[in-house]
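Chains here go by letter, A, B and C, matching the order in which they are written, and residues are numbered from 1 within each.
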């Protein structure tokens, strides 16, 4: 069994944003030399998500609106977490809806994807450097 | 390390529906010959889910009502994604709540499940052929 | 390839609660002797979650309030599932928001975590003995 590890770094200039990281994950799979296995991609920060969906800007707008409805950023004092001096309680909630991680099959040396699957980094508390971990195991 | 790959195909006759796919996944584990490992089961389409919960029709009704409340199908023009000509923006949202995938342990040649765990395919934009991927790695 | 399996048992005295299980999972990784691989941690019951977020009591209060807003426990007869004699339909919904499982990379013999990642057991229908499965594969 072989394994490969890589970190991807981000610095989203706004509080929230989505970035298509599929090319970086594909590159990691190639670098790993692994042909059959599993590829874990996870946010290493607890106010960010990694998820798989469509690379369509209208949909990303819908996600943003929808998550803001489910877990509004304001009023800040609605959240006990913000009493610690933070203003990102909503980011901890939003990240749970989209999820921390994805696990993708690697088959014949490639990400084993359906027709429209793309991997995204979802930032909910940006304006600082944050990381995603790619870990691939297999043969 | 060994690996095994199988696709399961569905054509749900309505827009939404839940299908218990536990027997098909159990069969894939037997076919794989793998005794100790991990089994990934994921929707290959971005308007469908794979999740684990109870095989109880009342609960499935509750999921349907609940998801429709969290991400209503209508009005269609509420979602920017539907301006592309689609009418399935809500399906992209609903799928994120129930999730894209499950990872299940394989122990002693079997799915390592608690007493009530069952694997479901959750369709949110049906009436066409769609796929689930089963990928098992281990020994 | 090696594998390791361990069950963690809980008996939360109230209906709902969060428990930091990171020390137990770290111990399992050490016991496994695995240096590079993947660690699956999943609830074996369908009214409980395993998720990764911050060990901050204010945030846990926010999760509790937020989930109760998204999927209220009462009125009980709002849920068809409760017609079976259960009173835990909301627990089946809440568990889907926080998720069934996490998959964590194991690198150099340790959980490969970002700075604030901690693993939690989330109970939504407690007052009885329930289990979490830890399954580690790798080398």
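Note that in this section a residue touches a chain if its C-beta (ideal position, glycine included) is under 8 Å from a C-beta of that chain, and two chains touch if they have at least 3 such contacts.
For clarity, every value in this text was computed on a predicted model and none was experimentally measured.
In terms of inter-chain touching, the protein chains here all touch one another pairwise. Rounded to a multiple of 5, the C-alpha superposition of chain A onto chain C involves a rotation of 120 degrees.
Between the Cα centres of chain B and chain C there is a gap of 20 Å.
Touching of two or more other chains is recorded for residues 1, 38, 70, 97, 99, 103, 137 of chain C.
If you check the complex, the residues on chain B that touch chain C are 1, 36-38, 51-54, 56-59, 61-63, 66, 70, 97-99, 102-105, 107, 112-117, 137-139. The touching residues of chain A, when paired with chain C in their complex, are 1, 3, 5, 38, 40, 42-46, 70-71, 79-84, 89, 92-93, 95-97, 99-101, 103, 131, 133, 135, 137.
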